[in-house]
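What follows is chain A paired twice: with chain B in the first complex and chain C in the second.
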Partner chain A sequence: MKKYLPLAILALLAIIPFLDLSSYVMHILVLVVMWSVIGMAWNILGGYTGQVSFGHAAFFGFGAYTAGILYQNLGISAWWGIPACVVVLTALSLVIGYICLRLRGAYFALATLALGEICRVTAENLVGFTQGNMGIMIRERTWVDKTWYFYVILLIAAITYIIIKMVMESKLGYYFVAIREDQDAAESLGIDTTLYKTISLCLSGVLTGIAGAFYMNYMGYIDPSIVFPLYDLSIVTVMVVMVGGAATYWGPIVGAVIMVFLAEEIRSLPYIGAAHQTIFGIILIFIIMFLPNGIVGDFRKLLRPFKAKKGASS
Partner chain B sequence: MNLIEVKGVSKQFGGLAALTDVSFVLNKGEILGLIGPNGAGKTTIFNVINGFYPPTKGDVFFKGQKVSNLKPHVLCKLGLARTFQVVKPLQRMSTLDNVIASAFVRAKNKAQAEEIAVDILKFTNIYEDRNLISKGLPLGKRKRLEIARALATQPEIILLDESFAGLNPTEINEQIEIVKKIRVEKGITILVIEHHMKVIMTISDRIVVLTYGQKIAEGTPSEIGHNPLVIEAYLGEEHSA
Partner chain C sequence: MAQLELFLQTLISGFLLGGLYALIALGMALIMGVMRVINLAHGDFMMIAMYIAYWLFTFFGLDPYLSVFVAAPALFLFGLAIQKYLLTPVMKVESILPHNQVILTVGLAMIFSNLATVLFTGNYRSTPVSYASSSWYLTDYWQNSPIELSLSMPWTFSFVIAVMITIALWMFLTKTDTGKSIRATAQDFDAALLMGVNVNWVRMVTFGIGLVLVAAAGCLFIPIYYLYPALGKQFTNVGFVITVIGGMGSTEGAIIGGLILGIFESMTATYIGMGWAPVGRFSIFVVALIFIPGGVASLLRRKRLGK
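Here is the complex of A and B:
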């Protein structure tokens, strides 16, 4: 039964476009699925391998710009950005890995945070190449309707899920977790920690980049502040995984559902304006204090109060 | 035949000389004890042999090959495994997964890694705890897990860093049996750091004594037990093997 759960959920999601939902709801669903891809990708590096990155905007933005620049400067379809991403993002990950992966813990997190910002500033200033703050606009959209975009991102998400599942059940998965739990022990057990951390970073980077390339195609417009933001991307990515549950298969997906809907709800609250970000901060504090393993990781803990009540009343 | 040769190794951390010109050999099939007061440099010499620190001076040879600047994971593949004094289990993994993770060094696939791991767990007598998360194991079993993990890499040499510290007498006896079994049944050469004099005197073939980063004596347990230098620096009284 449990084995077929992912398939059942996939099938359920696949019939959603037939429900004739409004364009706005479809948009939210596309974002949810896209965020689960980003969350799952971050989870490989941050959750399983234990290298917490605060710079995933760099990967997302590079993916988006790869697609955008192919369209803008070479005049080919931005969809080619998705395969091109694999190459570009692997190269980027190798560079970032070479610089950052020699650092441990908080230092790694800070270095990635800086790199994300460096990417944004660079994209803003390389006007000849990236159009700077004018951004890149795709003038002829592939589809007007959101249905096909939904299927494309759903396919990407399914493939991401399968890749992660396969990786985590193989030698790679064991090595990633071993590195997270203790790098020195891992090293002395014959694990080339630098190599495997780099592999983890590449996987994570490429998958995040693909989500970015999809975003370019889907939204049709990007500029540096949309695809390279520190808060709206790097930090929200961390939150998606933390809320859902780091190092779990379903955590990033649950996290994406909650975070996207919450963002939409909170943003439409009256009178608070930009203060809606405060609410996210408060939620994060509560999650870290009471559900350090996220909703999926601490699911049993969440159920406990309900169970206790039942026991008392009967 | 000597498996490991430590030749004139010095290690300095800034102005602190942790090791000064230490030399000894580890012969195939023997159990070599390494003793000395706290801060004598015992764990440092392990870290140098194991590849965590490059020596400041001198070299380490493994089967005649110079290995002083190789990383620990390369040395592990060559056949050198170690345990840590402060146990470092992969905390949120089960005992079995801990051992599987290290078995992957030689195993071709997961099935084979699991097979090796189960074997080792039975060998070290912690098979019953295979599904426990390793963080929850009592210290005695965590020390055993350290040994199991090292064994799962199928080494030729194993470095045991205080694998007996903090154990109760029953656990110590059990651990001694396992260490002896490692040599007899698996033919693995052992270098062991230990403070527990009864243990070191029983299991070692030879003993090397370090004080303040220098080697002051080397010999059989009975020679060491009666060596006036060693008694003054470390033992405090005569020990008979």
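Here is the complex of A and C:
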């Protein structure tokens, strides 16, 4: 039964466009699926390999700009950005990995944070190449309807899920977890930690970049402050995974559902809407203090009060 | 001659900026050394201090330099509370993800900068003090000087006060009992615990002092800079870049790193362009990570050992 659960959910999601939902609801669903791709990608590096990154906006933005620049400067469809991303993001991940992976723990997090900011400032200043703060706009959209976008991102999400499942059930996955649990012990057992951390970073970077390239195609407009922000992207990515549960298959997906709906709800409230980052910050602190392994990871802990009540009544 | 003049002027302003940067980084390095936590809300605490100074100036006409005496104690108490009620409890929480405390400080940073935007709007503010644009000129003192250099008055005041605070901190760390406990905890946590140092208290005090330093930096910055809610992030970046250049948790390293960064940033701004200054900041960060991962502190140590 459990084996078929992902398939069942995928099938369920695939028939959603036939329900004739409003364009706004479809937009939110597309965002949910996109954020779960980003969350799953972050989870490879942060959750399984234990290298917490505060700079995933760099990968996302690079992906988006790869697609955007192909369209703007070469005049070909921005969809080519998705295959192009694989090459560009692998190269970027290798560079970032070379610089950052020699650092451990919190320093790695800091270095990625700095690289994310470097990417933003560079994109703002290289006006000739990236159009700077003017941003890149796709003048002719592929589809007006959101249905096909939904299917595209659903396909990306399904592939991401399968890749993660396959990787984590192979030797590679065990290496990742070994590195997270104790890097020195892993090294002493003959695991080339730098190599495997780099592999993990590349996987994570490429998948995030693909989500970025999709975003470019879907939204049709990007500028440095949309695709490279620290709080609204890098930190929200960490939150998606933390709310759902790090190092779980379903965590990022649950986290994405909660965070996207929450973000949309809070932003649409009058007065409080402007303070959405404050509310996110409070949620983040709450999660760290009381549910450090997220909703999926601490599911039993969440159920405990209900179970105790049941026991008392019976 | 004009080239030389420009170069020297850039050097001077870089040096003055570096002194202030060093003050920000000192607080961060202190917290880092004792708690092994990078306080990513550091710049936002500075932003809070700057708002305190700003409102004191606007409502009571208090000179920004004097508001140090209000902002610093306020942030000290704030720091004690944050350490006691947020950071210490999180230390005990078991989770898969490491660095919970760092992520917590990110959460705090988000809250502060966003609340400041909501409460005070995103407008740029400054304190128009009477001496804001006065400066000393070299030609006033040396009539026939071949080059003309100027020294801005508020920048110099800020720099001198920063140096004084640094000296006071150094006295505190080397001469007092609490200071010695802080250094002992930074050197070896377990040994300090065994020697009877109340480690939790030391942590609280350290966090408080870190915030006092950054509050002072904020009050010194406001006469020469402008204030807006998102300013925190920029100075947090400055802080941790210096901490890495200087060597993690080293106070001497933080001072030298601050000066290096200040001068480097001034140079990038003058010779490449204002917008590129942050890129310069981060590229020096990356270069430091690759070539001197231990920071300036490791170079100093090597020299002291005579290798």
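What we mean here is this: the second predicted complex is superposed on the first by the 313 of 314 C-alpha atoms of A that agree within 3 Å, B and C clash if a C-alpha of one lies under 4 Å from a C-alpha of the other, contacts with A are read in each partner's own complex, and residues count from 1 in each chain.
Quick note on the criterion: contacts are C-beta pairs under 8 Å (C-beta built on N, C-alpha and C of every residue); 3 or more make two chains touch, one makes a residue touch a chain.
Source: prediction; values computed, not measured.
Overlaying the two complexes via chain A leaves chain B and chain C side by side, clear of any clash. In the superposition on chain A, no contact is made by A:Ala91 with either chain B or chain C. By the touch criterion defined above, A:Leu303 reaches neither chain B nor chain C.
Shared-chain residue A:Leu5: touches no atom of chain B or chain C.
Of the two partners chain B and chain C, it is C that touches the larger number of chain A residues. Once the two complexes are overlaid on the shared chain, A:Glu169 sits against chain B while remaining clear of chain C.
Judged by the touch definition given at the top, the superposed model places A:Thr278 against chain C, while chain B stays out of reach.
In the superposed pair of complexes, A:Leu110 makes contact with chain C only, with no contact to chain B. The superposed three-chain arrangement places the nearest Cα atoms of chain B and chain C 6 Å from each other. In the superposition on chain A, the residues of chain A contacted by chain B and by chain C do not overlap at all.
The touching residues of chain B, counted against chain A in their complex, run 50, 52, 71-74, 76-77, 81-82, 84, 88-93, 97, 100-102, 104-105, 109-110, 113, 149-150, 153. Within the complex, the chain C residues that touch chain A are 36-38, 40, 86, 89-90, 93-100, 102-104, 106-111, 113-115, 117-118, 233, 237, 240-241, 244, 248, 273, 275-276, 278-279, 282-283, 285-286, 289-290, 293. Put simply, chain A touches chain C in their complex at residues 46-47, 50, 52, 54, 99-100, 102-103, 105-107, 109-111, 113-115, 117-118, 121-122, 124-125, 180, 230-231, 235, 238, 242, 246-247, 274-278, 280-282, 284-285, 288-289, 292-293, 297.
By the touch rule above, chain A contacts chain B in their complex via residues 169-171, 174-175, 177-178, 181-182, 184-193.
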